[in-house]
Amino acid sequence: MTRQTVKFYQVGSRAVGNRLLPADLRTEQSNPDRRNALNSGHRACQGCGEALAARYVLDTAIRVTKGKLVAVNATGCLEVFSTPYPESSWQVPWLHSLFANAASVATGVAAALKVTGQDDIRVLAQGGDGGTVDIGFACLSGMFERNDDILYVCYDNEAYMNTGVQRSGATPPAARTATTEAVGPAPGNPFGTGKDMARIAMAHEIPYVATASIAELHDLESKVERAMSLRGARYLHVLVPCPLGWGSTPADTVRLARLAQRCGLFPLFEAEHGEVTNVLPMRDPVPVEDYLKPQKRYAHLFGDHPQPGVIAALQALADRNISRYGLLPSPAGGEVTR
Amino acid sequence: MFEIRIHGRGGQGAVTAAELLSVAAFLDGREAQAFPSFGSERMGAPVASFCRISEEPIRVREPVTTPDAVIVIDATLLHHVDVFGGLSPDGYVLINSARGLIDLGLSELTERHPVGNVIALGATDLARKHIGRPLPNICLLGAFAALTGTITLASLEAAVRDRFRADIAEANVNAARAAYEAVGMVSHA
Amino acid sequence: MRSQIEGSRAIAETVARCRPQVVPAYPITPQTHIVEAVGAMVKDGRLEGCEFITVESEFAAMSAAIGASAAGARTYTATASQGLLYMTEALFNAAGLGLPIVMTVANRAIGAPINIWNDQSDAMSQRDCGWIQLYAEDNQAAVGLHAIAFRLAERLSVPVMVCVDGFVLTHAFEPVELPEQSTVDSFLPPFRPRQLLTPYDPVTIGAMVGPEAFTEVRYLAHHQMMRAIDEFGVLAGAYARATGYELSAVSGYHVEDARTVVVALGSVAGTIKDTVDEAASPVGVVTLGLYRPFPAAEVRRMLAGADHVIVVERAFAPGMGGIVSADVRAALASLPGRPARISTVVAGLGGRAVTKASISRMLADAHTGKLGELSFLDLRNDVVERELATGRSR
């Protein structure tokens, strides 16, 4: 790898490693010598959450594995904006095959590395929510079931963004997409649909499942590190706001990711072999409105014809998460236990 | 070319019988081909398998429609399936049954063919006796060897030993020998 | 050493001798005996250095094969019919990525209606996916074609499917001589990937290519495929020297003195050869062992003296007619003089037996000028008429 000067991408003082911290507590993103696995020059939209997440996840994975890593990518925004032939943003060995098969392709890569005596080289598969929870579901479940030695990372922007914002199995209730328009008696994505992919992964009782956020960089990096310290099938689900699809300001991307966690709609937790082992308590909890308001995909819940009932229903979902995972900080302190 | 058609029901070993026949012929230094008529994997459904034996390499692939010999592993097929269709005038018939040919309603067939070519043998009983299970397919092959002389008993035994675990193979070899001798005695009577 | 074994077993044993390193497997009739045999060999240690992966679908099988091959492992799988179709997207992907995967296709009909028996609809439907297609006439050929397939694939970085008639060959016991391990090792060197997924020399594989470069990429793929015609000949020659068994892209049987020549792929050729031996007038048989790329020049040469070419097809194109016939017609178009008459005979769909008697009738009809441009062998006209009449009355 040729050396190049790496920028510090400013995403808020809590996110980029806080250079006031002692060196050993800083994030990889604050390290000028980091791999920068997804290099500058890619064609992502301004404010793309997935571009941030991919860099964060891979840079940590590369640090932990000392560079012995191979990435397999599903079709989607990430793949499209990162490899416009003849250019590539990737500073890791990287393979893109199809939309539905990242997990299976990774299975094959892992098998090849194992059989050639190179299983010190680790495999990371990644895809968007569509490629993971919908079209890639069978392949992912197969990978889980076989306990193949792969970390699968889902960058969840909650719809098929690359094709123009269509609803996926990860689209939250009430959200507007091009196939669940904000029209009619029940505007937006119906309630009572959708898959909780992290819990489905847990149901496979694989060694490690975690949810993570680009707004909690330390937490995300430590989860990647934990994942890479284990063998077998591992799953990481990262919420990545999409300004285009969510109808939000590019500058709000990290803030929205933070609000998703702060209102309880996107709980941050870890699980091993089907049991929750760790939860990141909500810091400064907020009502769901604070999270929904900055996103045009929820605009139909506010404005001229407000839908307080729908907002209440979404709050109920958040409350359910809060109760299920114990997200409210304990009276004694509320720091993350590891 | 000598063509054999074997009729049975799924699970009775008709396919294995054809395969072993072909291996025995091969071990005798001849060219052989065996294949089943194919249905889904289903116990009890009628199954036919085929074997061709020749001095020349066999190129044809169609099912045997003009057999020189027919083996019927399950006599309940007799009036169900056209087991004798296309049988050559001096062909052989070997039926697994303890009942006599007349009893089986086959007197006309028996008369149409050369004396001794159509026989019934209680192979299931022999199998029960020698291998402890009512699996008569290999036993019938022993009878077939004696009846037609198209394969040697020695090659049949070698084929069986090559295919099965030692104890199972030996038991089946004994059953085949017993059938071979039983038929030998009949044809020399 | 010659032995009397099942076709599937012969294929599995040959593949094992080719030292595959990753075998993703998903069952479908009638290839199951092949992957079962390979799996058993891995499990009991007879086949070392091989990861056998039971995947959850054929799509997963080919996808895992893509990953394994890209990461430098010699990769093999087997499928048929619906399974081949289920992995279609991945077939194109593997070819486009230049991965030398070898796959056995146990030719079987495609539903609906569901049918588990032999015809060549499956492989024919994928003739343009970018894979080299080889067809075995018998199980000895199947053995040789698999060994050649690995070397051909790795030489050209093009995946190869070896087509073997389902049940008719896969489940037939016939004499086969398996090559010794040492013979295969001499014939087939270890896999040296053209590009490799490795952190020691990272590359991006599978980039998005736009209009400005896509045509060139596809042209080069075509060019690479065309190389396979000569390359197959070279490797078949090497294989023949190593084992004594001859395989050709196009082989002719009594073509020299025949004005009527039958063209066929796969096991049906054997039945046809037996039939022409008994025919009143000379009839030749041309068997294609290589179908993609289409060996047009050699086909042209073989058929140059024919007045009447009968293409016996084990698949067909609804709304059009023959598939192989179209390729033959295109190949013959540049021959000087009056073009040969080409008759398409669709035979043995869904496992209906192709018999000597039927072929004989076909040849007789050809002889008397009664064989039309397109006919279905042994079509039950009474059934068809009845159905059509019922349809009309409704």
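Labels for the chains are A, B and C, by order of writing; each one numbers its residues from 1.
Just so we're on the same page, a contact is a pair of C-beta atoms (placed from the backbone, for glycine too) under 8 Å apart; a residue touches a chain by one contact, two chains touch by 3 or more.
The structure displayed is predicted, hence computed values, not measured ones.
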{"item": "Chain closest to the middle [Cα centroid of all protein chains]", "value": "C"}
{"item": "Dominant interface by contact count, named by its two chains", "value": "A-C"}
{"item": "Centre-to-centre distance between chain C and chain B (centres being mean Cα positions), rounded to whole Å", "value": "35"}
{"item": "Chain A and chain C, separation of their C-alpha mean positions in angstrom", "value": "44"}
{"item": "Approximate Å spacing (C-alpha centroids) for the pair chain A, chain B", "value": "66"}
{"item": "Of all residues in chain C, those that touch chain B in their complex", "value": "3-4, 6, 29-30, 116-117, 138, 167-168, 171-175, 267-268, 270-271, 273-274, 351, 353-356"}
{"item": "Chain A - residues contacting chain C, complex", "value": "67-70, 72-73, 79-80, 83-86, 88, 90-98, 100-101, 104-116, 121, 138-139, 141-142, 145-146"}
{"item": "Residues on chain C engaged by chain A in the complex (per definition of touch)", "value": "21-22, 24, 49-51, 53-57, 59-61, 63-73, 75, 89-90, 93, 97, 197-199, 202-210, 213"}
{"item": "Touch list for chain B against partner chain C, complex", "value": "18-19, 22-23, 25-27, 31-36, 38, 40, 57-63, 65"}
